[in-house]
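Have a look at the structure that comes next, please.
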């Protein structure tokens, strides 16, 4: 089950920059892959929530870059989730070089839940239930690490 | 007036790749800047047409890469427009290195006009009028070149 | 074996635009995935050629957009290769919606082979051998389609 | 002079996502524009430093998203600089909607100085002088705000 927290993505030529490494903004795209796949881990999709009028726009994003990712490397993305206070949702990410296990970057994103008009709302009960499940899986994972 | 056909954009670090030059997909973003600014040349904006329910999705795109654009170069984008047959709109682009005038790339995009549900429609009369105006300006420009 | 021609990529939120579909420049990124994976099909990687001083910059790119790709769709990328005349390498791509098999887009890219200083060169014998192999696999695939 | 701290960039279609607003990773590209232009403010360019073997890779990046930027909006980017301890360089950014002055986002990036092989170095004396100058301009600006 812990495996399922992990998503992978290969670094494209188009992800790199003229320093020869992945451009710093692209790590936020890999964060997106991480949280999207975390939804699938609990049998749901973020897309399905949008269709029901629940959006999770990003309120804060942070990344610390440890080692550069390079063209054609496979990035392993590990994602955990926790419910913050004040209607905040928090995903944390760790990106590893799949080949040698090096920690490349770590960071987090904080989200709020809004309706289709952008008004901040309390996540509806069934989304809350799902988020709780994601949180529990995350803490189990953590305790096993 | 001819000046107004020209848009400029500086190549970002994030636009380059590990070959040390601008990544090939980004030229299509510069094409977008070119056609967006062409709308402004005739006193309109593409955004305003979308708000009125007229969309111009891309149907074809082509680019030929002559010389690489590099980080921090300023790209000068020259755009012309012509109405094709069968409800097609055609923009052609030439990208130059502003500093030394070198032709970097040239290409075109073909668009159709759709309503908000994606159905192909005939451009409404006032859009057609505007497009005619863009076409005339383009041909004047061409004959003066 | 034919399977191995196929690469897959999920459409990210960041790949879409405010029309609600994948932005047209991103298809060229998916083309890149296609040709990169085609190299792997014959037991090589494009990266290893760059390390040996062989670069394959894009000279031409074309895409025709049939149906829009949407957020969270899985794109199936089918790629074939042929050696053109005049030292040109040609990759053709067809992108499908994995879920329902719809053809979303098709296109091609034409490449030249250069050394690390950007001078056009004839592909070295062992690269030529590999390209021949890619061409043969492509034509086999084609004849079976 | 304070004006020169300000860079502007129009939101492209390709910068937006299917939520109808600018995708969160693109704000980091706008941060890049901000710091690049800050170098120009003091009569230099980041590119020239790279040519002399001085690189400033990003070590940390943070962004807080206040209000969404939308297609065709012009973003005004205000950037300040300060020398942190431990060989760290810190740029802070505020992004505004040019039309109505709304604060859209704010954030920072922390950089280290490296040589071309990626080893962290102390910025050379003439770069240090320039950075001091950028820092002084930033603090003047701040005190006038």
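Per-chain residue numbering starts at 1, and chain names A, B, C and D are given in the order in which the chains are listed.
Assume a contact is a pair of C-beta atoms (placed from the backbone, for glycine too) under 8 Å apart; a residue touches a chain by one contact, two chains touch by 3 or more.
Just so it is clear, the model here is predicted, and its values are computed rather than measured.
Student: Give the chain pair, either A-B or A-D, that is connected by more C-beta contacts.
Tutor: A-D
Student: Work out the mean Cα position per chain and let me know which chain is farthest from subunit C.
Tutor: If we average the C-alpha coordinates per chain, D ends up farthest from subunit C.
Student: Between copies subunit B and subunit C, are the contact residues mostly the same numbers or mostly different, with half as the line?
Tutor: Since more than half of the residue numbers are used by both chains, the interface counts as same.
Student: So how far apart, in whole Å, are subunit A and subunit C when each is placed at the average of its C-alpha atoms?
Tutor: 28
Student: How many angstrom lie between the CA centroids of subunit A and subunit D, rounded to a whole number?
Tutor: Subunit A and subunit D have C-alpha centres separated by 25 Å.
Student: In whole angstrom, how far does the Cα centroid of subunit A sit from the Cα centroid of subunit B?
Tutor: Each chain reduced to its C-alpha mean, subunit A and subunit B end up 35 Å apart.
Student: Among all residues of subunit A, which ones touch two or more of the remaining chains?
Tutor: 13-14, 19, 21, 25, 28-29, 32, 71
Student: State the interface residues of subunit C toward subunit A in the complex, per the touch definition above.
Tutor: 10, 12-14, 28-29, 32-33, 36, 45-47, 71-72
Student: Spell out the part of subunit C that touches subunit D in their complex, as residue ranges.
Tutor: 13-14, 16-21, 23, 25, 70-71
Student: What does subunit B use to touch subunit C in their complex?
Tutor: 19, 21, 24-26, 28-29, 32, 55, 57-65, 68, 109, 118
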